[in-house]
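In what follows, a structure is listed as structure tokens, so that the remarks can point back to it.
Chain nomenclature is as follows: A, B, C, D, E and F, assigned in order of appearance, with residue numbering initiated at 1 for each chain independently.
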């Protein structure tokens, strides 16, 4: 542990995921007292027409 | 809150997601006593060969 | 399908979950063209100190 | 119940998912004392650049 | 990978989870061609009043 | 977006969750180019007998 999932809009680049994963893992090790190897992060991209906030799809 | 995720077969249209999200948000506000803006809904499409029921993939 | 998960703050009653599940299932059948029996809904309660928005835990 | 989700790297074949689903369902019926029909399994494929372990994306 | 989550009714014992995890891991190694150490399984228990099928809560 | 879920072992304190949420939100804003208010983080605690790695429950 921990298992961290990040559901987000598609469009972020590999470099953004790389930097974010590096930073989050450092925080997990420092704050949650786990190890690097036991920190898993999964990014799941979604189109804006597959996400709704306030009762409306986010592509509107 | 709430965060609502809907895993379903691919093939539903944008209009179906739009109508479903609108209806679910109204229910959340009325019954769960939350606000529109705090109701997030995420649709995740899956092929029938990625879903199993009764021990068989659903494309059979 | 569909599999619907609802992550929300603890404190909602059984009656609220019952009414919400009934309404969401009706919407799923009517709009997503599935059957009652294939609509599964899972409610997961969470304390406000386990949810963060805007960088702050929601119990603040 | 149970609802079982399997997040994994893309690249597995339909035959692998089929055999895995069959085996997991048998285990669920035998060990968890559920029925075949109530065992749902969902496979979600992910590219290696969307998964991080040890602070690095898995395509490295 | 893989990350496997099992949402199920509360009431299963530690021994059941132990046997199920062992069996699923063997299947993952043999069929999905992963390693034991990279197979993570997470069990999440839920009361029957938190799960709905067919529009009704499962405690009915 | 993003919706970030953190499945982890129980035992972390409110202060740890608070610091982690603050740090992750800063990373999301800076790297993923989202806003503070649209960053949701959900922590889900699990006992070690509900998590398996390498085919064994983590309380062993």
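Observations on the model:
By definition in this document, a contact is a pair of C-beta atoms (placed from the backbone, for glycine too) under 8 Å apart; a residue touches a chain by one contact, two chains touch by 3 or more.
Remember, it's a predicted structure, so these values are computed and weren't measured experimentally.
The chains touching chain C as well as chain E are D, F.
Counting the residue numbers that touch the partner chain, chain E and chain F have less than half of them in common.
Rounded to whole angstrom, the centroid-to-centroid distance between chain B and chain E, based on C-alpha atoms, equals 22 Å. With centres set at the average Cα position, the gap from chain D to chain E is 10 Å. Looking at chain B, residues 3, 7, 40, 42, 44, 46, 51 sit in touch with two or more other chains. The set of touching chain pairs reads A-B, A-D, A-E, A-F, B-C, B-D, B-F, C-D, C-E, C-F, D-E, E-F, using the touch definition from the header. Per the touch definition, chain B reaches chain A in the complex via residues 14, 17-18, 21-22, 25-26, 36-37, 39-45. Interface residues of chain A, counted against chain B in their complex, comprise 7, 44, 46, 49-57, 59.
Interface of chain C with chain B (complex): residues 1-9, 12, 16, 19-20, 23-24, 27-28, 31-34, 46, 51, 58. Across the complex, chain B meets chain F through its residues 3, 40, 42.
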